[in-house]
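There are two complexes below, and they share subunit A, which is joined by subunit B in the first and by subunit C in the second.
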Partner chain A sequence: MKYIKVAGVVVFLLLWQLAGQINPGIYSSPTLVVTEIVRLFTEGGLLGLVFGTVATMLLGWAFAAVIGVFTGFLIGRYRLASLVLEPYLVALYSVPLIAVVPLLVIWFGIGQTFLLATIVVATGIMLVFPTAAGTRETVRVYDQVARAYCVSGRHFLFKVLLPGALPFIATGMRISVQRALMAVIVGQFLVGHPGLGTLLSDARVRLDADEVFAVALVALAVGAALTALVGWADRTLSAWRPEVTS
Partner chain B sequence: MTLAHGKTAAPTRLAALTGPGPVRDWTIRVAAFCALLLAWQLAAQNVSVAVLPTPRRVWEGMAGLLERGDLQLAWGQTAVQVAAGMLLSAVFGVVLGVLIGWFKPVDDAISPLLNAVFLMPRIALVPLIALWFGLQDTAKIALILSFSFFEIFFTVRNGVKTIENEFVEVAKAYCIPQWTVLRKVVLPAITPYVMTGLRLGLVYALVGVVLGGFFLESNGIGGLIYALGSDFRTAELIAALFTVMLVGLAVNLGLHRLENLLAPWKVTR
Partner chain C sequence: MSTQKIEIDTVGKSYETGPRKKRKVVHALKDVSLTIAPGGFVSLLGPSGCGKTTLLKCIDGLIPITEGEIRVGGKAIADPGRDRAFVFQDFRLLPWRTVLGNVCFPLETTISSKAEREAIAKKYIDMVGLTAFERHHPHELSGGMQQRVGIARALAVDPDILLMDEPFGALDAQTRELMQVELLRIWELTGKTVVFVTHSVDEAIFLSQRIAVFSSRPGTISAEFDVPFAYPRTDLGIRRDPRFTDLRQEIWRLLKGDQNSFSD
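For the complex of A and B:
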């Protein structure tokens, strides 16, 4: 089976190289793209742009997680909060939130704050429902035990509820990582904040095939690396509770 | 609940409002909504209209957009682009999903490549799409395709892979030809997955068309939002955003209903 997978990739690369020999202006080719990526590394400061983008993404994602987890905890723990907030949260969950980015430009300008706000708006909602489900489940399972041992207040929150909900939160992080990355790239693309997004806007203006493919592949590598990392974290955190899915 | 059997007196209206039950729940929700509107109004009075217009100004903005026909034009263009993109991704997604899910060697050969593209933030395809298709409608349709195809394809492919074990063994035991199994067993069994895939696909198509309006030719609802934002016409911008929310919500809820109607026996995701 493994051979077929490798063969598929090899055949694809060969076909691409062949297409590139015929019309490099449209298809580029694997060798040209690798050369271009090396050039972006040495001359274009690719590494700095990628790290800056990922750092911004992680920071915004952390904010999104704090806000999303807090909201999810509120609606999972308190019926009143769930009554009041849940209709709006359900609505926000199913709409294309990326559309509000122009409004965020008006509110937050075009700097780092704007990028963080974009990530929070795009991904915060994805943490809410997993956290709420985790909170409800933990309360259901451990509430009586905790009461019997007189564990309450802050202790219950940090020693019971949070660890209990953690695998659910990790799942929420896993399903939101792609969105967080897209949000930061869209933000940079829209306002010209240096990063992966500006690589995209440069490539769109110049329409140089090598650059276009190189940038897309770099984005792919970043996306794949982040997904792998978060998947690993999710598995580690959920190791003692394998039944949690989405 | 347990005491309810012995209850004879009908609850008074006041009791219905204060006691637990759906009436009280809705009272709380409506009150919260009014509080939200009030908070918006109060916040808007203290800042510039370009930052946060009052609810009333947004309402007037909506009326203005409708009167001039901006919204109708934008949504008309968007609907055409989404319809074309969805048609293509539905056909390709379902057909490829079934074939690749069914023939394991093909799955092994192609899936690593498709998985890789699935992990890429699809917005990174914008320059490539601009290079190949320009900035006009064709490019937008390609962008929509890149957003919605994978949702449909992966949902259907995973569906085909899951049902394989359940029904196909029986069909194989009765020596039914492969194509007949595909038609008579697999296709009916994957209906719920197809429906789920189409719903997710349409939701992502909306994301794609909005981003297409931002980064490709500036038309459709994405273009309108972008233009309103650049002109700091915030009231109309918020009004336009509300229509996006409304459409997104309607698409999701409507297709959820349809899903339950057409394939009530199994609902995924």
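For the complex of A and C:
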């Protein structure tokens, strides 16, 4: 099976190279893309842009996690919070990110704050529902245990509720990491804040297919690395669970 | 001042159920009275849904009663307390903690020294025979071993009363018999008062001094039986004693009559 996959990739690259020979301006080609990646790293300052983009993403994602986990905990723990907040959260979950962007520009301008807000809106909601589910499940299973052993208040929160909900929160982090990266790149693309997204929009203006492919590939690599990192953190945090579903 | 450890005095538990316009009152428990002496071992026996687990949770204070009174050591109770500890049917261990961490769990609100907590926990882990496994997580243990942790956790708070809700119900037959012998050994060693919920007639007879048989709808105690065997009962041979089979038959007849009364 593995050979078939490798063969598939080789055939794809060959076909792409062939297409590139016919019209490099539109299709680019693997060799042109590799050359472009090298050029961007050596002359274009791509490394700095990658770090800047990832740093912004991580900061926004951290805000999103704090807000999302707190909100999720509230609606999971308190029925009143769930009744009041849930309709808005469901609406927010359903609305396309691009529809919120104009509002965020009006509120936050087109700088770093806008990018952070975009990430929070795009990913915070993805942590709310898993955290709420984890909180409810933990309360369902351990409420009587805690009460029977006179464990309440702060102790219940930190020794039962938080560790019990942690795997659910980790799942939320895992499913939102790609979206956080996408949100920051799209944000940069739309407002021209320096980063991977801006490279893409510049390349688009110059009709530079080589650079578009190069940046897309770098973004893909960054995304894959982040996903692997979060997956590893998830497995480590949930090591006590016999079956960790992927 | 009463000499009884637990006094259940005409206790009732009812709750409303169903959609808003067709609310029905369900009597989970009605007119239940029972007294248990200090150091006694009493089983609550009956079919599923007869209210025996509800009564056990009421004794712990996990579920409020709607009529009557439950007194522990002469004082009416409303909430869980440190004089009682609960052993759950499905163990309810904290899966992210080790065996040691699980047994330490109820001590963390009362004992600030970690070394002191662990010393107490280790004593009871040793009592249930799990010293070699104290660094293991629950999912690495068999069901029987997990329930040993559940028992150690209950003993760790040094309660007067152990409330056990079908603690061996989830175990296979062989493990179950082993655990019964183990429980009697621990009971004789610690002198706790035990209230033991089960739907197994054999288990109730083998373990208890006295058996309260429940009937359902509404849940109430229909009969009480004294078990004539002396302790220690480590010999499983008593299961072949004619008094054992007689008692078993008598209780079965009672339970069967109850089944028939509401199956038609």
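We take it that the second predicted complex is superposed on the first by the 239 of 246 C-alpha atoms of A that agree within 3 Å, B and C clash if a C-alpha of one lies under 4 Å from a C-alpha of the other, contacts with A are read in each partner's own complex, and residues count from 1 in each chain.
In this text, a residue touches a chain if its C-beta (ideal position, glycine included) is under 8 Å from a C-beta of that chain, and two chains touch if they have at least 3 such contacts.
Note that the structure is a prediction, hence the values are computed from the model and not measured.
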First, second, both or neither for A:S94, with subunit B first and subunit C second: first
Touching partner for A:G109 - first (subunit B), second (subunit C), both, neither: neither
Partner chain in contact with A:L207 - subunit B first, subunit C second, else both or neither: first
First (subunit B), second (subunit C), both or neither touched by A:G231: neither
If touched residues of subunit A are counted for subunit B and for subunit C, the larger one: B
Subunit B versus subunit C as contact partner of A:A219, first or second or both or neither: first
Touched partner set for A:G164, first subunit B, second subunit C, both or neither: second
Partner chain(s) touched by A:L80 [first = subunit B, second = subunit C, both, neither]: first
Footprint overlap on subunit A, where subunit B in one structure and subunit C in the other make contact: none
Complex interface listing, subunit A residues touching subunit B: 1, 4-5, 7-9, 11-12, 26, 80, 83-84, 87, 91, 94-96, 98-103, 105-107, 178, 181-182, 185-186, 189-190, 196, 200, 203-204, 207, 209, 211-213, 215-216, 219-220, 223-224, 227, 246
In the complex, subunit C residues that touch subunit A: 57, 60, 62, 80-82, 85-86, 88, 92, 94-97, 105-106, 108-109, 137, 139, 153, 157
Contact set on subunit A toward subunit C in their complex: 141-142, 144-145, 147-151, 155, 159-160, 163-164, 166, 240-242
Of all residues in subunit B, those that touch subunit A in their complex: 25, 28-29, 32, 50-51, 105, 108-113, 116-117, 119-128, 130-132, 203, 206-207, 210-211, 214-215, 221-222, 225-226, 228-230, 232, 234, 237-238, 241, 244-245, 248-249, 252-253, 269
